[in-house]
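Below: one structure, written as structure tokens.
By written order: A, B, C and D. Residues from 1 in each chain.
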Amino acid sequence: MTGTLKAYAVRLFPQVAALAIILFMVSLAFPGFFKLSFQNDRLYGSLIDILNRGAPVALLAIGMTVVIATKGIDLSVGAVMAICGAVAAASITAGHSLAFTLLVTISTGILCGLWNGVLVAVLDIQPIIATLVLMVAGRGIAQLITEGAILTFNHPGLIFIGSGSLFGLPMPVIIWLGFGLIVALLVRRTALGMLIEAVGVNRRASRLSGVSTGVLLIAAYMLSGLCAALAGIIAAADIRGADANNAGLWLELDAILAVVVGGTSLLGGRFSIAASLLGAMIIQSINTGILLSGFPPEFNLIIKAAIIVLILVIQSPRAQSAFIWMSRARAAEPKKEQEAK
Amino acid sequence: MQSVSSYVLSATGIDKIFPGARALNGVDFSLARGEVHALLGENGAGKSTLIKCLTGAYRRDGGRILLDGADVDPHNTLEAQKLGIGTVYQEVNLLANLTVAENLFLGRQPRRFGLVDARAMNKQARALLSQYDLDIDVTAELSSFSVAVQQVIAIARAVDLSGKVLILDEPTASLDTHEVAMLFRIVRRLKERGLGIIFITHFLEQVYDISDRITVLRNGQLVGTRDTSALPRRELIAMMLGRELVHEVSEAKQSEAKAPGAARFRFRGFGRKGHIQPFDLDVASGEVVGIAGLLGSGRTETAEILFGAERADSGTAEVDGRPLDLSSPRAAIREKFGFCPEDRKVDGIVGDLSVRENIVLALQARRGWARPISRSEQDRLADHYIKALDIRTSDREKPIRLLSGGNQQKAILARWLATNPEFLILDEPTRGIDVGAHAEIIRLIETLCEKGMSLIVISSELEELVAYSSRVLVLRDRAHVAELTGEEVTTNAIVEAIASAHEGRPS
Amino acid sequence: MNPRYLPLTATVAIFLIAYAVCIAQYPNMLSTRVIGNLLTDNAFLGIAAVGMTFVILSGGIDLSIGAVIAFTGVFLAVLLQSTAIHPLAAFALALIITTAFGAMMGAIIHHLEMPPFIVTLAGMFLARGMAFVLSIDSIPIKHPFYTSLKSFYYVLPGGGRLTLIGGLMLVVFLVGILIAHRTRFGADVYALGGGTATARLMGVPIGRTTVMIYALSGFLAGLSGIVFSLYTSAGYSLATVGVELDAIAAVVIGGTLLTGGSGFVAGTLIGILIQGLIQTYITFDGSLSSWWTKILIGLLLFAFILLQKALILLSDRRRRHA
Amino acid sequence: MTVGFSQIGSESGWRAAETTLTKQQAEKRGIDLKFADAQQKQENQIKALRSFIAQGVDAILVAPVVATGWDEVLQEAKDAKIPVVLLDRTIDAPKDLYLTAVTSDLVHEGNVAGKWLVDTVAGKPCNVVELQGTTGSSPAIDRKKGFEEALAGKDNLKIVRSQTGDFTRTKGKEVMESFLKAEDGGKNICAVYAHNDDMAVGAIQAIKEAGLKPGTDILVVSIDAVPDIFQAMAAGEANATVELTPNMAGPAFDALDAFIKDGKEPPKWIQTESKLYTQADDPMKVYEEKKGLGY
């Protein structure tokens, strides 16, 4: 048990370190950064903002991790978010109950995932292109539902999901933490994780070993759709309206970035949901840090690019082996001295 | 003792350390002009690693390399090629997405006015391959050819590249006798031209057939270098294994002539258009049915269709009179089938996963995702098979792609044994496996058989096939053409069956 | 026929069928005007897509091209506005910068062993960010040289124009085809796409080739930026957002495998034309709302991919049974 | 009459309303409207214009995504004798290339919002935070400029923070949240100026969630006058908005009609009104009027 715990610590170390460094840097630019207070029944402060604002990317990253582990990619999640937000808003304004609305919305997300999954697994279309179809068409579908306007609602239950709080934490935080935990347990306490990794590394060999590769692939995309649905509900509930035009726009890139910063290879195989969630928080910390720092917006992208490159350089296999080499050399030095004597 | 200068290549004190494994430990190796030097050792002994260090594919951690008496230090294979060292690596062959000609001339295409002259390249490629009796469309993609053809192309490329040294890492693993003979003709010719040739193989007959000297490695250490003529076979094996081998494979059949019982598995008119013509097949419990044939005769396709990897479009299959569902590998596995594929890199190993996970994969897949095999049970299974099959790995959590070729093969075999199948198909199970393990696998086949398992074994090594099969099917041009039973099962009979079938070919 | 050319042939066939269908509905679409527009309007995309083809053939991806195009435009505009430098010199300078930018990304990908997707994503942020820093305004380019370059076109019978930039795109495609199939570099690109490990053992200079591929993509993105600045006579930091996805789609529709190692530069041209055709068709129809436009583009994309798959499968089967 | 209309896209509710109204106006006048959506891309707009020319439409409406880069294609339209009317944004091109431009004055809008704020705080010190539109877009640049002009020389008013909220509610809310944190929980902020109403709506939610009263503790002024902001004004949560009318097509069609029928040249710039709405203007009534327009 302690062995696996240690393995976890080693696996997550780069992400935790990167997060810590970024938080430290932000606190230099903005001294009140770590201040937390209790307000309106919940914790309040910049750190909570990061957890809260990072919710959509964190949720997307959960599904994206699994999809990427199968050697796929899902570009449609942003559009699916928009669709699901629109469906939720449309359903609730049409007077349906909250339970029904959530059910319909989540089913919609899963259905979108099913579409992607079938394209990838059954029709054997390359994932990037298969999901590009829904990425392009999906936003259109969302706009079709809202007719291009922002569909506002004021159902307190739905709004609660976006801006309510529970146990002193904002609901979105509870949702992504909880859902992340569920999925992580689901894949690690069952054999799913290993089977997904096997499919991602060598789909053919897995099929020949009796793994139902098709079903697993479809399931991965369905999970991604489900995650997008949750993210879409949160995004809509947060602003009390479905903004089909902008909800989730370009968020697929952030989600992929989170997964990669989390150390999962885009070539499939080994994955870690916890690391991806950390990756999502790293990205959100960068975003929030930029907002707090007070730089003019022209510099946003450059700062973001520079920090990401830095993190990735630190995490790259080359740099890591150089690091190991350096520490080895340092360990060897005293020995040499002794030998010299 | 030859003088140092007569060595075209000599390496001293080569070290190579991988994280968690010391693959080479101060190995010395020298290669004279005009000699064929066999490099031998068990699976995982470090043979492939040594040659990769010599050609710069790996950076060595210590030691010197002299080429023609001068220090060289190739940083990558391109530099080695430029120094006149041509290599056929184990496993990694060529690029499947390029044409044959492009593979042969990659990086040194003939040019006209600065542009690649495709016509000249194709012409040269055809000329080159004709030396190997290979008359194929050089503008077709490499992937459209069988493993054997690809192997010959790889050899042709390496030979063409080697000005001084030619290195062949298990080049004959997927070749049949005819092609091996051809390869040896070429090797002898090169030898006369003064090239030094390093030859790695697990076929000892071939070693005695062609090599002048033998170097044996064990566990990354040099055991010794001897002249082939002065090293009897038993002694060689003892050098490799560090112990005596109890019994080697021989044609001497333990003919207690197990009279095979009633057919348990019955296939009638089983086939698939474009892949294999419909055939009938009966397999009794505790019986080994061998499949023989030339390369590309359809042996692998027979296996794939039996396992549902390719769905049969005609015929029926039943066990004990009950119809079998063989519509997919998954279905076949549910029927307690197992299939150890021929191309382990593409169809077998799941490279990034650990040895443990690779071993439990099929069993876990059969149980379904919701019923995970507990970690302790996985460890137990993995340890059991690592020990039982003598899989050389530093630990069970090592990614399987880092194992040596032969050990990967054993791990795949373990994957299937772990599922406890009733019907096991082995496609070239001993390819690339060392003498010691070879004997063990054959013993294993016999024990499985005694336990009542039904086996189909495909092998190009006829002695081996004869040793354990009670029946042998002979294939030609994707059709079953002959079946030998009982006393008929001899190497000669099989060769004859293949040959006569060939003569009967309408040309 | 050599099975390698199957996807290409399928794509060409689909394009011709689709064009025929369009003409049947709107006979005007046969005019040389439409054909000339198809070339001119897609010139910048086509040029960038040639670079993308090489990147994808090698098994990589380049997400930075849209941002690099915008950067080039802003760079040229700022330079021509605030200095007296001749546009040709400015072009050369821009190409040097973008080529070096691409080479740098290639070097990072190779030496730090980082996935191209992420490196070029960071490159996209960086290039777009640099454009913002140069200027957030859209800056018109009023240099007389631009005017004279733009007046340089060949009038086709029927009133269509074959413009300089349309012609340049065709030239770039020709050169691209030559590089891909008739140079050692081209063969190395395919080799890389077939598998880095194998290519390395076969003596392909992985590092040099990777750097050159991304440098080429950067160069062509820069050239595309020049063309775009000619096309719009302006530089604007928000221009060409998402063009990389259009380019990727064109490459893939053109029959190139995203996993690398298989495909044709010529196919990309057809991919570009197919996308242009979809656009033109939608405009000719003129009754679609914003959302139906998106949905239709998605569906047509899907239909093309499906058709391509079906054609390939069909002839594959026929070959097997023959 | 057949008229081609090249719309930018549908990035906001206001844009959707403009599209709806254009279609309505066309229908009312019996005009056959060819609509082309450019998905936010200038190159698509140019393509659309070229297609319109190739089809031989009678006139073209275009809502240009950016000011530059239109000379060539407009010249082509002129050569083909097709009059072009610009909607809601002007461009950087010789005036003879288009018939007229029906637009509001973006700088003026920002100015109106700024003036309102200057008058409202009446000399008291006031820290303003600004939610900019998409970096580089002309409304963002001009509305910022106009607002700053109005504040120039008023030493009591200071823009303390300015970030982009991309014209969206989500980003408006997120950016406002960080402003509130950065400015001592919002105690340092007296007013927020948003380049569009959507960001203002997001900001209002952020202010409420921070435990402050938007409209009282922090003044909210924005631009566009979309229906939702009137609801907020009715609830006392927003203070003022400057209208940008989505009905640009009406005047455009009128001008076209007159030009084609009687050859009457319209003025080069038909400026729409930038009307200021405050809580005193019966916001609920305006809301009801605007609700059905497809915002």
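Note that a residue touches a chain if its C-beta (ideal position, glycine included) is under 8 Å from a C-beta of that chain, and two chains touch if they have at least 3 such contacts.
Since this is a predicted model, take the numbers as computed values, not measurements.
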| item | value |
| --- | --- |
| Length of the shortest touching-chain route, chain A through to chain B | 1 |
| Path length in steps (a step moves to a chain that is touched) from chain B to chain D | 2 |
| Label of the chain whose CA centroid is most distant from the centroid of chain A | B |
| Pair sharing more residue contacts (C-beta pairs) when B-C is set against A-C | A-C |
| Mean-CA-position distance for chain C and chain B (Å) | 44 |
| Separation of chain C from chain D, taking each centre as the mean of its C-alpha atoms, in whole Å | 33 |
| Per-residue multi-chain contacts in chain C, two or more chains | 132, 136, 289-291, 293-294 |
| Per-residue overlap in chain D, given as positions that touch at least 2 other chains | 10, 16, 19, 135 |
| Chain-chain contacts as defined at top | A-B, A-C, A-D, B-C, C-D |
| List of chain A residues in touch with chain B within their complex | 189-192, 194-195, 197-198, 201-202, 204-212, 269-270 |
| Partner chain A, residues of chain C touching it in the complex | 108, 111-115, 117-119, 121-123, 125-126, 128-130, 132-133, 136, 245, 248-249, 252, 257-259, 289-299, 301-302, 305-306, 309 |
| Complex contacts: residues of chain A adjacent to chain C | 123-126, 128-130, 132-144, 147-148, 253, 256-257, 260, 265-267, 298-306, 308-309, 312-313, 316-319 |
| Chain C - residues contacting chain D, complex | 26, 28, 31, 33-34, 37, 40-41, 44-45, 132, 136-140, 150, 228, 231-242, 276, 279-280, 282-284, 286-291, 293-294 |
| Chain A partner contacts - residues on chain D that touch it in the complex | 10-13, 15-17, 19, 132, 135, 161-164, 166-170, 173-175, 177-179, 181-182, 184, 198, 201-202, 205, 209-211, 228, 294-295 |
